[in-house]
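So, here come the structures, one by one.
Below, chain A partners chain B and then partners chain C, in two separate complexes.
Let's look at the complex of A and B:
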């Protein structure tokens, strides 16, 4: 009984330190809030920028909901209707697509810089774990949203991804080997990717994931406000600036510039112009899969290794990285920021190489012309 | 770091008084407020028109409707295929004469998966699953000079006679063979082959001429 009370007391103390609600007052959150100035200060904009792109996605997503129809017979036609006939529909749809890529880019950059700056050090573990969850949710948003236009590349890429999930079961021991297949069946909802899958992805994309995201984002932002900005560098920063009014204004300027950038992209360059046209024809269940099916660029870091290396090796690597992502505050508790920065740079280099040169590496290794 | 709540050090390291701070904030807030107002004026009208009725020409309306009907028909066709597979014990694939050794005919098997039918050197059918055993893409229908078909997703090549993947292909297991039978126009079953390749009936091409190729529900368990 005594041990139980001790455990409970420790849990309460832990939560008290992690979410110090006594700091929730005007003086702490507004008057006293400061942002350290040092060589990594630029990274303090990335969280806000990610939030900004998320807000763009929420607004443009709601706009698209007015016309999008989530059925296998109408989904593709409704997207075409939006881009061809709805006033500014092309712009809203293209903005949603471009901003999704910007959002994931910012999410990755925010996670990498937060890692390098050791922004997960106690008492910020909950902020990090919440952020890691939102990174996963961000990818889930991308994955589920990709299917919704119901064109050739969308449906076929989803089929391949779900089949990969199924395959992973072969490398698991005993009764857990059936779990990936079971998860795939739940996600897919039918014998193949079809109406059931589309309905599920739609529900996930527009209801479940946003609700999850709002909850975690609320906790993430609240914790950041209560703890203030992380120190960011090993030596205590000598200078700082006030969040209100200075940093917030700079933050808004960054948002403005980002919006201008994504606005110009959305008006000028259809996101789909990076792919061959046949990919964007309505999905045809009775025909061959078009050549060159790929996921979105932000999955290349996992896609190309899957193409090049043995499946089990990639799955093992991904699992280790997944565990490390969520255990970072405890695994790297005593690591210096210098070492963390080197690790973050290695990860960045890996992401850049796989994203830009994955196809070339694949062709060299496999001796094929993609 | 700041010494107190009133003053602090700016980016350039100068001390800034509270009055300057307030003035800077008011100026910036005014600037942002004005730009937001102008932005709203410019963009709100445009954005709101997103929700207004679309002024479509007669041709556009016709095009939209015909495309919609075409898609609905395609969906209906797929659902009819599904119903047919639930209710019928055997399904027509194609006439034996229409099979080709170099280009397969796509059809949907009992598990609603794509499959391909070719003709062999002796003129008899080759019927195999078209769902790649690697990651489930639909393999191509064109046969190369070595008698193989290609999965376009990860470049696995499969021999159509054996279903086996070529060396170096990401796919490691063969495309499953499907059981089939040939029936003449009078409803007589002339030749049957189970998924294991065992045949029963006549292989005389003269007798088989004009017959049609079917797949059987009772063999569908072996197709999974």
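Let's look at the complex of A and C:
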């Protein structure tokens, strides 16, 4: 009984330190909050920028929701209708697509810089775990949103991804080997990717993931506000500025410039133009699968290794990385910021190389021409 | 029952040879380095042969007459082949059926024989160029990104100018608000 009380007491103390609600007052949140100024200060804007792109996604997503039809017979036609006939439909859809890529780019950059700055150090573990969950949710948004237009690349890429999930079960021991297949069946909702899958992906994309996102984002932002910005560098920063109004106004300037950038991209370059047109024809179950089906660019870091190396090796690597992502505050608790910065740079280099040169590497390794 | 077997037979025959002229497809695929399918010129993305909509097996007698006429098309004609899309018909009418079949040996000559100004999807990239680039001449959202950007930037210059002015004004306002706060707080600290 005594041990039970001790455990509960420790848990309460842990939560009290991680979410110090006694700091939830005007004085702490507005009057006293400071942002350190040092060589990594620019990284403090990445969180706000991620939030900004998320808000763009919410607004443009609501507009798209007015016209989008989540049925296999009408999904592609409704997307074409939005693009061709709805006032500014092309712009809103293109803005949604560009902003989704910007959102995931910012999420990744935010995670990497937070890692390098050791922003997960106690008592910020919950902030980090919340952020890691948001990163996973961001990828889930991308994955589920990809299927919704119901075109060739969307359906075929989803099939490949679900098949990979299923196959990962072969490398798991004992009773847990059936879990990936079970998850695939839940996601897919039927024997093949079809209406049930589209309905599930739609529900995930527009209801479940946003609700999860709002909850975790709320906790993430609340924790950040209660703890203040992380120190970011080893030596105690000599200078700092008030969060309110200075940092928040500078944040708004960054948002404005980011909006200008994404606006020009959305007006100027249809996101689909980066892929060949056969990929964007309505999915035809009886038709031939176009060559060169790929996932979105932000999955290349996992896609190309899957194409090059044995499946089990990549799955093992990804699983280790997944566990490390969530266990970072405990695994790297005693690691210096210098070492963390080197690790973050290595990860950045890997992501950049796989995203930009993954295809070339694949062609060289496999001796094929794409 | 017999119609079912006929359909099955037709599907089997046609599915083994869905592409009537694979030379064109292979050539432009290789040249552009992009995935291309029959939808660039044909109504049906799977090609002309088969029984699905837009394929020869699905044509009614009236459409079959048009197809026969299209097979006689000469340079400069204005015939609408029912198994071709607007771009396919543009090629057919610009080159003529007989010449087009001969060009199977030299598909690279086709863009040079097309109009240099025709732009069916109004995306700013001429159709002949889209054929070379391996992009869809009937889809304004498909083209090489940089070329589309230049065209769309020029077309939407007013909107882009307005949003740029709005952003500059906003940044200007925010900058001076920060400056004002800065001066105010310093005064307070004094």
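The criterion applied here is as follows: the second predicted complex is superposed on the first by the 370 of 370 C-alpha atoms of A that agree within 3 Å, B and C clash if a C-alpha of one lies under 4 Å from a C-alpha of the other, contacts with A are read in each partner's own complex, and residues count from 1 in each chain.
In this section, a contact is a pair of C-beta atoms (placed from the backbone, for glycine too) under 8 Å apart; a residue touches a chain by one contact, two chains touch by 3 or more.
As the structure is a computational prediction, the values presented were derived from the model and not from experiment.
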### Query
Clash or fit: what happens to chain B and chain C when chain A is overlaid?
clash
### Message
Between chain B and chain C, which one contacts more residues of chain A in the superposed model?
### Response
B
### Query
So, A:167: does it touch chain B (first), chain C (second), both, or neither?
first
### Query
Touching A:81, do we find chain B (first), chain C (second), both, or neither?
first
### Task
Determine, under the contact definition given at the top, whether A:252 touches first (chain B), second (chain C), both, or neither.
both
### Query
Should A:242 be classified as contacting the first partner (chain B), the second (chain C), both, or neither?
both
### Query
Just chain B (first), just chain C (second), both, or neither: which does A:92 touch?
first
### Message
I'd like to know which partner A:260 touches here: chain B for first, chain C for second, both or neither.
### Response
second
### Query
Of the two partner chains, chain B (first) and chain C (second), which one does A:288 touch, if any: first, second, both, or neither?
both
### Task
Once the structures are superposed on A, label A:272 by its partner contacts, choosing first (chain B), second (chain C), both or neither.
second
### Message
On the A-aligned overlay, A:37 touches which partner chain: chain B = first, chain C = second, or both, or neither?
### Response
first
## Note on the structure
Overlap of the chain B and chain C interfaces on chain A comprises residues 242, 245-246, 249, 252, 256, 284, 286-288, 290-292
### Residue ranges of chain B touching chain A (in the complex, touch as defined)
1-2, 5, 8-11, 13, 21, 24-25, 28-29, 32, 35, 46-47, 49-52, 54, 56, 60, 64, 67-68, 71-72, 74-75, 78, 106, 108, 111-114, 130, 135-141, 151-155, 170
### Message
Considering only the defined contacts, which chain A positions touch chain C in the complex?
### Response
83, 90, 242, 245-246, 249-250, 252-253, 256-257, 259-260, 263-264, 267-270, 272-274, 276-281, 284, 286-288, 290-292, 370
#### Entry: Touching residues (chain side chain C, partner chain A) in the complex
18, 33-37, 39-40, 45-46, 52, 134-136, 139-145, 148-149, 152-153, 156, 159-160, 163-164, 167, 170-171, 174-175, 177-178, 181-182, 185
### Message
Applying the document's contact rule, which stretches of chain A touch chain B when the two form their complex?
### Response
31-32, 34, 37, 63, 66, 71-74, 76-77, 80-81, 85-89, 92, 156, 159-160, 162-164, 167, 191-192, 237-242, 244-246, 249, 252, 256, 282, 284-293, 307, 366, 368
